[in-house]
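The following pair of complexes shares a single chain, subunit A, combined with subunit B in the former and subunit C in the latter.
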Partner chain A sequence: MNVLPARTSSVRVGRRRLSRDERLGYLLILPSLGAVFVVVTIPFVLVVIQSISSEDGTLIGLRNFTRALENPLLYDAIRATAEYTVLVLPVEILLGLSFALLVHRTVLRPGLRAAIYVLAILPLVVPPVAIGVVARLIYAPGYGVLNVILERLGLMHQEVNWLGDPTLAMLAVASVDVWQWTPFVYLVLFSGLQTVPRESVEAAQIDGANWWAQFRYIDLAYLRPLFVLIIFFRLADVLRVFDHVFILTGGGPGTTTQLLSLYMYRVEFKFFDAGQAAALAVLVLVSFSLLYSLISRALPLERA
Partner chain B sequence: MQSITRREFVKRTALAGALLTPIPAILEACSTGTPTTTKTTKLTIAAVQGAEDGPLKKVAPMYQSQSGITMEIVEFPYDQLFEKLVTTFQANGSSYDLCMMDDPWMPKFGTMGALQPLDSNFGFTRDSDIPSIVYDVGTWPPPHGPVPPSEQGKSQHLYGITIVGNVEMFMYRKDLATTAPSSWDDVLANAMKFNKPNFYGYVIRGKATNPASSDSLPILWSFGGDIFDTSWKVMLDSTESIDAITFLTQSLKKYAEPGAANIDAADRDRLIAIGQAFQSTTWPAEVTGVVEAQGVSQVIGKMAYIPIPKGPSGKGLGMMGNWLLGIPKGSKNGSAAADFIKWLIKSDNMKTYVQNGGIPTRTSLLNDPALGQANPYFPALAQSLAAQPNWRPRTDQWNAVETIYGTAVNQAVAGLKSPKDALTAAAAQVRTAMKQAGYPS
Partner chain C sequence: MSAMASGRFLRSALAAIALALAGVVYGFPLYWLVVTSLKSKGELFASTVHLVPHNPTLAAYTSVLIDRGFLVLLKNSVFVCVSTVVITLATGLLITYPITRLPLPARLRVNVLTWALSLRFLPPIAVVIPYFAIVRTVQIYDQPIALIGIYSLFNLPFAIWMLKGFLTEIPLELEDAALVDGASRWIAFWRILLPLAAPGIMAAGIIIFTFAWSEFLFALILTATPNSQTFPVGVQGLVTQFEIIWNDMAASGVIAMALPLVLMIIGRRYIVAGLTFGVIREK
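So, the complex of A and B:
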């Protein structure tokens, strides 16, 4: 029989020796850390090197950053991304929250809740390209379903140029995002509402709290960290939005809906300016890291 | 025998698993790749997905049965094909033995030195039955027009052979108009005459970037405008260029479909095919794929196809959009790939290719009455090729220039900017981009 040595804390002065379990733990995570290093760290370092190099590999300092920042199209893209974010984030959060509260308070049958859950999952699993194609069938000039419906209902008498008018084009691409991602907000907030203790709610009701007071003083406390999570995820997603915008408007009319992701794609794959594209990627990463830290300070998770 | 506890067994198994998991990946990374064989057994073609590679897919099995070489066609959408080829060439990859290339890509690939010369390496010579412009478009540096500064003085070689003889043409409803428009003034007069509710006098393909650029360049050239002059000086803000885009985005737009700023080729073909529009520019693939397609179009036999009408410059200049086959430098099967291209462009084989929907480059096939019966645009295509159509500027910066120019035209179509303001801003952007790339501007 093999007798295992007794586990010891093996603390030495100045430096603690790792126990067998700890060594095993580190060994087990080593392949994962290696994979992260290969697929995240190395590309990031390469992008940083690319951002300070010319096409032939010579180091050129911050020249790529200067060119990126001097390009007026960058500011068009930032403006378009900001408009898109301001449109989609509040709408998705308000709609998602409303649905979550509605279902939480009015739908009590488990079967019906499960059905709503499945329905909410559906938009999240549809490929964005397919959503873009369907949206184009809805908004397209000439044969778009939306124009046909509005016309048959007598709500308009001439075709609305959904994708050719700057304001409407931005609303059209934003509406697709709202359709696809409101269910995500709903699912996160609905799951948060399930963690609210029933006793707290019942006590508040006995004390005469109305629905708004219940929401403001009880539910919201439990949902606050989830709002941070949602804002984090959705901001990251907004930066990655590409497929449906590319299919619906191609960034047009002009550069009205050319979001940062589409602009960076064009700098890299149309202009083949790898240095400027890398500089843009680094700038975006740094800016959004700062933005994230500001958001997390404004809405600290610990408050819950 | 030494026994261990179950807990220890689980730990050791997990540890062994964790350590062994990356081994296949490490072995794969350390391998030297497939060894080169002397006899080619397979040719891999990177092709564009759609009407352009359809006929190629149909005739490739015939070559396979004759040669015994397996033909594999890997398809990509237009944009992705370009990106895939550029990244493959940058890595000198050997994934593809042949690649389909749109002709504006030739400067990029030529400048990169990404392709094997077909003349010096594989003995390709010009065939008198194929218009010289078709060979010129596959030659690098370009035999005529401005040459990029980095390419001046380099010896010319043939790097690509056209397998889709696309040239932009003009189409109109011959059942409504008795005479063909010979000038853009005639086009405007017809647009005005035939425009009525739910029937548009002209269709503008005005979606941002490539669509707006392709649609407007023949008009730009016919008005005497251009993107560059012969010494790479930017001409987008010249009076002729501004007049051309003003004509398209203001004069013709009055009679064009609503939402023209978001219209691409498929939308244009739909309007023509359902009988809701009178005229537009067109490409051969649009004619065979939609406008004259049985079961799809309501205007079969009602359309006429002609070369691009003349403008104030006295010229009507069509635009080349040839698709070529080239052999990447990284291919280890160059000879076999060259044999396939030679087989494909042989007269008999090209005829089979045309009968399967292909667009020929041989004058004899374009003028073949039987083939012309099934392809009513062939005479117009033959005339367009004989008239030496323009190609897009032969610069490796074309993608950037097209994006800037196509966005400016789109802005003018959408009414966001006046043609003059849009082109002036675009000219400044093009000058900056070209200067950064080492061109005089």
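So, the complex of A and C:
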């Protein structure tokens, strides 16, 4: 994968051309990288300045931070985000893993596998806002179809207010995430299972290994790096969830489904408290960079 | 032998049931969205809810697109997304071409890639707060350019990783042959590398388009009027302001989904690669 040493040692490339190519390389890459760097950095600098200033621009030290940290709503938001993550990640990983194993072991026709592949990528490209609409058509009081179905099946005799009860609302919001992102987990793990060498599976079968032993001692070894990958991407996504919750519950009832991103949105654009919002943004950016540097080390990404 | 065969039969029957169940759970919400969008206003308030369409009508679609003027929002969305794709791909190529084809230090390459990956972890809400202030200061609030800028930035990491993957797959020898024959770097890029990388670049473009199309938070904050509002903002407005007319709401949901789904069919082989920064490659 590392193309560069092969190139520099290549005999065909003369010294002069090489240095010209190098210069061309820097000429192309530096302005674009520089521009991106500036565009990324300006907001960071600005948000730090904003976080230590008052509305009229005078520096007030860390007062915005103490206000942000003393606000009990922040801890509601952190708790909601933690609940959401804890609900969503294990369910998605377990469901995705089960289906990956199921399809890998029992669906052998290539046509059917291809069809399942297409169906699985479907939810991944659908706008979360549209999924929020779908979720409202299912859960909303008055016209939500879930109540109708449960009633027709005889499972329930009175309307359930799915979005009015704190626990049910959190479950409803989490179910939407599970619906949209389990296929992602499935796709990653399924393609991981394709890399398991047939010989080791056959050898295990000859030795009389049952399916659990096969999974435990062979498949899992190939899937382990992919779990890290899934947790990385899903964690990055879960912590930025906004759209479908905004549409489905708007953070309610009360603040039970007000995840961190919804809370910050409210502080800035509903309470118009720019100082506190900036302090929150700085806190989030710092903790996310820490989280990122912790988790990215374990990533099975090609690095060079 | 027969015990094994019946065991296998039982297993595949159970598997079929599980898959069918998953199919229903996955399919029903989308089915219900489409069915609702085909209902007439009168049918919404009928005392019994029909789970299959009776007298389907496209009235909700004309109501959304024409009467409510959402056609303009669709146009905004397409404009913003196409511009984002062009800018992101151009910037992505300017960054990935040198690090994959030209003799730059390997450390630079690694640093660029890790840095791009770290941007993937950046929470949009923390960025939009200062970005909002900037947009107001330079007076591009409620203008498509504000969205195009931030979308290009947020999609650049994907573009860099995907383009890097596609470019490294093309053998250097092909270009070198042309260079030896006296072609310029530009000709070698334009006539040899670009055509070979075209399918990959197309796929990256499709994915970026889909992401930009789906984006909602930035659009909600940075736009205010149909001058620059994108389609998802309109959909949200239908939910929060006119919820009582939920067939229109459903129709807007179907419209929002339609284009990404069609594009996904074209770019399906690359979606997972794109979502995982090229770690997972589908055959």
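By our rule, the second predicted complex is superposed on the first by the 254 of 304 C-alpha atoms of A that agree within 3 Å, B and C clash if a C-alpha of one lies under 4 Å from a C-alpha of the other, contacts with A are read in each partner's own complex, and residues count from 1 in each chain.
Criterion: a contact is a pair of C-beta atoms (placed from the backbone, for glycine too) under 8 Å apart; a residue touches a chain by one contact, two chains touch by 3 or more.
Computed from a predicted structure; not experimentally measured.
Once the two complexes are overlaid on the shared chain, A:67 sits against subunit B while remaining clear of subunit C.
Once the two structures are superposed, subunit B and subunit C can be ranked by residues of subunit A touched, with C on top. In the superposition on chain A, A:161 contacts subunit B only, with no contact to subunit C. In the superposed pair of complexes, A:208 makes contact with neither subunit B nor subunit C. By the touch criterion defined above, A:111 reaches neither subunit B nor subunit C. By the touch criterion defined above, A:138 lies against subunit C but remains apart from subunit B after alignment on the C-alpha atoms of chain A.
By the touch criterion stated above, A:126 is placed in contact with subunit C alone, subunit B being left untouched. Contacts of A:57 after superposition: neither subunit B nor subunit C is touched.
Looking at subunit A, you'll find residues 1-2, 4, 24, 28, 31, 35, 140, 143, 250, 269 touch subunit B in one structure and subunit C in the other. Of all residues in subunit B, only 2-5, 8, 11, 14-15, 18-19, 21-22, 79, 82-83, 86, 108, 207-209, 257-263, 267, 270-271, 276, 396-397, 399-400, 402-403, 407, 410-411, 413-414, 416-417, 429, 433, 436 touch subunit A in the complex they form. Interface residues of subunit A facing subunit C in the complex, by the touch rule stated above, are 1-8, 10, 12-13, 17-18, 21-22, 24-26, 28-29, 31-33, 35-36, 39-40, 42-44, 46-47, 50, 99, 102-103, 105-107, 116-119, 121-130, 132-138, 140, 143, 145, 148-149, 179, 184, 187-188, 191-192, 226, 229, 233, 236, 239-240, 242-243, 246-247, 250, 260-261, 264-265, 268-269, 274, 277-278, 280-282, 284-285, 288-289, 291-292, 296, 299-304. Here subunit A touches subunit B in the complex through residues 1-2, 4, 24, 27-28, 30-31, 34-35, 67, 73, 140-143, 158-159, 161-166, 169, 249-256, 266, 269-273, going by the rule given at the top. Interface residues of subunit C, counted against subunit A in their complex, comprise 11-12, 15, 18-19, 22-23, 25-26, 29-30, 32-33, 36, 44, 49, 51, 91, 94-95, 97-106, 108-110, 112-114, 117-127, 129-134, 149, 153, 156, 168, 172, 176, 179-180, 185, 210, 213-214, 216-217, 221, 232, 235-236, 239-240, 243, 246, 249-250, 252-254, 256-257, 260-261, 263-265, 268, 271-272, 275-282.
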